[in-house]
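Two complexes come next, and they have one chain in common, chain A, joined by chain B in the first and chain C in the second.
So, the complex of A and B:
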């Protein structure tokens, strides 16, 4: 499979309450083995998936949020977070995990994976994709 | 990609109607991939009321007519108790429940479909 397509995983739901976020992440991890041009988008309540210091001890569910920090090791380096969705929920980038990757084209320099984009910019980026998987 | 269970949500019906219409228009359907609660589309043990549609059976008939590839995600299926004979044996379960014409396979099948098909359409909430 030499053809490379632009895959975007669109995450719009809160991390707990439904299983969409967890099973979306499972697709991302498997999909990373296919050497496609992958990006993730977090919008609406999906921005809560990336919040730091999650504690699920009160709800008896596994806290899977540490897995997001491993995405850089899977060469998933483009994580778009919608600015308006953050603001509407009273969140800032400081409330999110600091996700990074090592850039092999830049002497393995550590770079930020999260890119804050406006709703308008995200719409344009979505329009460039070949495959949109929405969760 | 079908992300919701039958009856509980319209996604399965919409996916079925869309697939059927696309085939009637002469399009090729590379694969139908069932994920999240969508895996429940593939149980052969459902007994819906006789005056209602039987979604699993509709999928089976469509697959029979058009040689459709109906794939149920193994990870999502294991969580929810959808098993084929091999999976049932592997996990020491006393029964399987996958419907004929459906098969259980991995998430790679979804990514492969995304790569090979011209369009990937998601039916979900």
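So, the complex of A and C:
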């Protein structure tokens, strides 16, 4: 088996105005089959992808936001959300979905997937990646 | 050797360049191409921010995209290096990683 690489999916667009957010989510789910060290970053307008109570019934588009809650089942457990991006948009963590995963190394305890990080922290985490996939 | 950041959007329409500069660590490089080349011009609303970042980040701009837009090199902020497609490839291969600010 080849070595495990650190893959980060970088999400910077709001969900329904363009196709980027949905495409990113689909690539993440496909990529989850490859047993790599995967993380997701949400910054700039990307933080709007994670808001709760999305209802697309009036715009004729699929509401893909419930899928984020399934990421934990695909072993995608590191979701970085940039603090400054939230604040600039008048959001707090309470406005976002509560995303969790079950930690197999800790008797399947339920843990939070979202990690609130500062811009500087996120810049350093990005710098540690082997591959950055931008959406 | 550090990260290569690429920006292909105009800084007057999108915030890609501003986000890039907010996340570029010291020693990183930034390549401006397509509509991103407008960020390399002097005397604009963002040139101060770019010039300030040049103290810690190296800037490159893609020549063919400049010329396509009728922009000559004397319009650029001093110290920004013009590269061709071959230079683009060299930048990609000489950095550890590439981050595209779409």
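Note that the second predicted complex is superposed on the first by the 134 of 135 C-alpha atoms of A that agree within 3 Å, B and C clash if a C-alpha of one lies under 4 Å from a C-alpha of the other, contacts with A are read in each partner's own complex, and residues count from 1 in each chain.
In this text, a residue touches a chain if its C-beta (ideal position, glycine included) is under 8 Å from a C-beta of that chain, and two chains touch if they have at least 3 such contacts.
Bear in mind that the values here come from a model prediction, so they are computed numbers and not experimental data.
In the superposition on chain A, A:43 makes contact with chain C only, while chain B stays out of contact range. Of the two partner chains, chain B and chain C are each touched by A:135. Contacts of A:83 after superposition: neither chain B nor chain C is touched.
Common to the chain B and chain C interfaces on chain A are residues 20, 130-132, 134-135. Within the complex formed with chain A, the chain C residues making contact are 2-3, 15-16, 19, 22-25, 97-102.
Within the complex formed with chain C, the chain A residues making contact are 10, 12-13, 20, 43-44, 84, 119, 122-124, 126-127, 129-132, 134-135. The residues of chain B lying in touch with chain A in their complex are 1, 3, 35-36, 75-76, 106-108, 110-112, 114-115, 120, 122, 124-125. Residues 1, 3, 5, 7, 19-20, 23, 26-27, 30-31, 33-34, 36, 130-135 of chain A are the ones that touch chain B when the two sit in their complex.
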